[in-house]
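Submitted below is the structure of interest, expressed as structure tokens.
In order of appearance the chains are A, B, C and D, and numbering begins at 1 in each one.
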Amino acid sequence: MEELLEQLLEECRPFTREGKVASYIPELAKSDPAGLGICVQCSDGRHYQAGDAEKRFTIQSVVKPMLLLLALMDNGEEYVRSRVGVEATGKPFDAINMTDQTLLSDHLNPMVNMGAIAMCSLIRGESYEHRYQRLLELVRTLAGDPDIALDEAVYQSERRTGSKNRALAYLLQTYGMLEDDVEQVLDCYFKCCSISVNSRDLARIGFTLANRGKPAQSDQRLFPGRYAHYVNAVLMTCGMYDGSGDFAVNVGVPAKSGVGGGIMAVVPTKMGIGIYSPALDQKGNSLAGIQVLTRLSQRLYLSIF
Amino acid sequence: MEELLEQLLEECRPFTREGKVASYIPELAKSDPAGLGICVQCSDGRHYQAGDAEKRFTIQSVVKPMLLLLALMDNGEEYVRSRVGVEATGKPFDAINMTDQTLLSDHLNPMVNMGAIAMCSLIRGESYEHRYQRLLELVRTLAGDPDIALDEAVYQSERRTGSKNRALAYLLQTYGMLEDDVEQVLDCYFKCCSISVNSRDLARIGFTLANRGKPAQSDQRLFPGRYAHYVNAVLMTCGMYDGSGDFAVNVGVPAKSGVGGGIMAVVPTKMGIGIYSPALDQKGNSLAGIQVLTRLSQRLYLSIF
Amino acid sequence: MEELLEQLLEECRPFTREGKVASYIPELAKSDPAGLGICVQCSDGRHYQAGDAEKRFTIQSVVKPMLLLLALMDNGEEYVRSRVGVEATGKPFDAINMTDQTLLSDHLNPMVNMGAIAMCSLIRGESYEHRYQRLLELVRTLAGDPDIALDEAVYQSERRTGSKNRALAYLLQTYGMLEDDVEQVLDCYFKCCSISVNSRDLARIGFTLANRGKPAQSDQRLFPGRYAHYVNAVLMTCGMYDGSGDFAVNVGVPAKSGVGGGIMAVVPTKMGIGIYSPALDQKGNSLAGIQVLTRLSQRLYLSIF
Amino acid sequence: MEELLEQLLEECRPFTREGKVASYIPELAKSDPAGLGICVQCSDGRHYQAGDAEKRFTIQSVVKPMLLLLALMDNGEEYVRSRVGVEATGKPFDAINMTDQTLLSDHLNPMVNMGAIAMCSLIRGESYEHRYQRLLELVRTLAGDPDIALDEAVYQSERRTGSKNRALAYLLQTYGMLEDDVEQVLDCYFKCCSISVNSRDLARIGFTLANRGKPAQSDQRLFPGRYAHYVNAVLMTCGMYDGSGDFAVNVGVPAKSGVGGGIMAVVPTKMGIGIYSPALDQKGNSLAGIQVLTRLSQRLYLSIF
């Protein structure tokens, strides 16, 4: 397996030169575009890795499924669904999915910024700092990695340059979908996005989603299996933004990308996969990362279709 | 199994009273809203059915995956993908998925009318009548039912009232995505939609998609397994129109609905399911049909997530 | 005056090289991009002209105000307003001014194709050929030029290449705003657009709109003054497509442009102006024509603001 | 004249019962829906008034033409035009006039909130408080009324409830069209909207726009005549939001409405008109106010078309 991973990284390394690292947040622009790593967590408890699998990077949008998961754990499926829709938007990550003059909860999707910001207001906590701490704790638990922490520089950078997210949050407030103080909600959101992880963390978290709540070789269910169905389904239809359709055809498993270069892929019942490669395609997905996953899916028959 | 199916139909029969039969085509308005039937084709070659499983109805949009399949068989994956995109539109079945002044092939989806009309121009044939005959032949073969035929009354009704489809086809032509005579292309499209099938046919066709090209208990591959991945992936993200996200969360298998009341569901490696219940919800999906599938998925753990 | 006109044409001639003749209709692509002419009809009955003022060209969208005028004369203000709105669309000439799934009469504007096509169905006649003949007669009467006739080559060219207009017409039909046979309605519309006029004709027609229905030095009112208000107001807000706002600021009089290179400007109570210059800007307006009108307005203080 | 005004108010008083006072700002909801007043300022220096002509109310969007005027005075026409477009949006007052993912200065209009907020950043001042003071001074000068002042309660109310305007401002910032601190810019904007005026003030301000910069019977030009053309043209195409087209047809003069119930109308060379009637139609325009202006325009032949 590790040999296969090494080989795939070699094959796909040239693609890192075709993408560009995210630049809208100054701190992200410092990433090394040549970075490339992968980790696969299998159901037998073993994990395999290659390349920059232990290189840390900010989780960015890959935190969205965890925000959704915590919202589900805190409120149940029915309430979360009533507040944030699940239809694919067919649009970029920061899209304003509205026409005319009405924004409805059904226009939101937890994997697109506006829906993810709404998700922050659904998770519980005495303060927005507390909500962030609870999310961080969940990420640590799912990854089995207590060292996961905030990347303070990225967080400060996000906070300073987050005009679009501020606009999205105020739109939510305008249409009655966000009652709390916008700056506090966004502060929580920016922190969640700035959590620093590595490919191994993403592989392990992905595995709990693949295994309906249970970490590898554990009998402890961290969350109800039904929530894994919910999260994985949303990942399948909208996890790769407006590249989700091509990803479903070419790779065929639920996944979530982030502009930090991470991709977390979920192969139901079988494995969790973490990828790191910060050179992005035009839709904001890791360009070489998608290539690696496409090949891995073909070689190991991972498509769930 | 048949007992379970009977029981589910009983449970869900009240939902038939909450929907409305399609009325935009006069001929469809004549359907009996109380109709409800199901057929399940399993991999051991057996099939189970209940209710109006042999009642014939027009296939309508459930023909779209077969149009896509035939286009793939005639042209290969790469060419078809270059002509019609695969992103979810998040919009109703007859949506004009464009903003501003540009319509690109990436805005199309084979499961939405505009993309399906484009698909008619991709399948081969000496004439559009010939193309329709080839599609009909494929449907008969996949269903193993040589009696499948055109519902002439619905076809004539569609043809007379198809202003929106004409508008969509002329838009395709405007943007260079349809070169042939619009009326001929639409005639083929209207005929394809007016093919009369029953739930058993849909179950058998669905099974070939679940079984990567092979009918139950057969070694003959009717189409490459790779095309089943393609079609099933597109069904998952966009097969139930702007209800696809909820369907993925609640049922968790690829499926396609039609305004004739049919739903074809694909449970990869396991089964094909055909549903008939013409009372539709506001998104144009069979209302009781979705309820039956939701319960069936929960009882038999069918979700692929 | 004629000296001023000659001088303005000299000043603006270089702008003819910055535009492009319309190419979406093959026949229009044959126009000479260097063509430039102007005619001014004054209230004292005299007219002044310079350059290619007698060069004939097809009227194209400049016929839209006459379609609106005839619809008003045939049906009265209230009925016409109930069928076609008057709000500026802020969009290009062939825009689909709809979002989501509803197209309402208030989304139409008589100066944008969809509204103009609807207008053809409002004017009276035993057949669509008869309606066209009545419109042609009105144009001849307003221009005082019985030689105005159809440019058969352009008409045939429009007819062959009118996919977008066909799409727009079928959309109108879909939403219940066009009941008649689409091809017949469009045939009338294409003929109306293919009427061949010269700058002098446009100046005289514009004068009747400026003079609330009366030709220069005539006591015969060809249409009620109230309809001139209606038409001129719509020209002001939407006559130059999505360049109407800049035109209002820079020239300040009601006007209508056509892709044939014509502009008809209306200086209320004072004059009618006809321009010919087929090199167009990106919005489809005569580029040098707008420059000539801007300068003429400044020199003669024509702005109504 | 005063008799005519009294008579028109009587005729139109019933319309006050068909509208609703603005409620999105709590403080505005306290207005008396039966309020109705008018003042007409003529070029001979006399003014005529009837009803609640001296009742004070907040200027709201009627301040937008003054923001545009001050921006023009501070920066000249070319610069202002390069920063904020002038095309009609055909959309409501708080519309997000963008599709897809790009917002350009050409999508803005100074009479729609987003453009007006941008305008605040164009006027000069050492601070945003200073900018507001300069705008207030201009309003006082144009109205010849040194008593014009801020309505503190409305200002505080606007500030607390301005989520939509915050969203619009952050969108401007996202697309590089607003560099300063959003809260400071909005504070200036909210103050400008909360200036308290009466119908007589609006009539006098309107007159200076009608008279190309000169107050009645004065030789002192308060601003260049060219800027009056600019402002009046923008009012004509977009001053009454998505009711501008109907207003142009039915009244035929440049005008600006505000949700406080005010309308300022400009009859070029002839008069300025101020209206107060806080019961609004669905587009946010004073319902009875438009009726009064329609009748006044018909009786006195005010249409500039």
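Please note the rule applied: a residue touches a chain if its C-beta (ideal position, glycine included) is under 8 Å from a C-beta of that chain, and two chains touch if they have at least 3 such contacts.
This is a predicted model, so every value here is computed, not measured.
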| item | value |
| --- | --- |
| Chain D and chain B - chains in contact with each | A, C |
| Reference chain D; chain at largest CA-centroid distance | B |
| Whole-Å gap between the CA centroids of chain A and chain B | 32 |
| Distance from chain D to chain A - Cα centre to Cα centre, in angstrom | 47 |
| Residues of chain D touching at least two other chains | none |
| Touching residues (chain side chain B, partner chain C) in the complex | 92, 94-96, 98, 101, 163-164, 166-171, 173-174, 182 |
| Residues on chain B engaged by chain A in the complex (per definition of touch) | 81, 85-91, 97, 109, 228-230, 232-234, 236-238, 242-246, 248-249, 252, 254, 268, 303-305 |
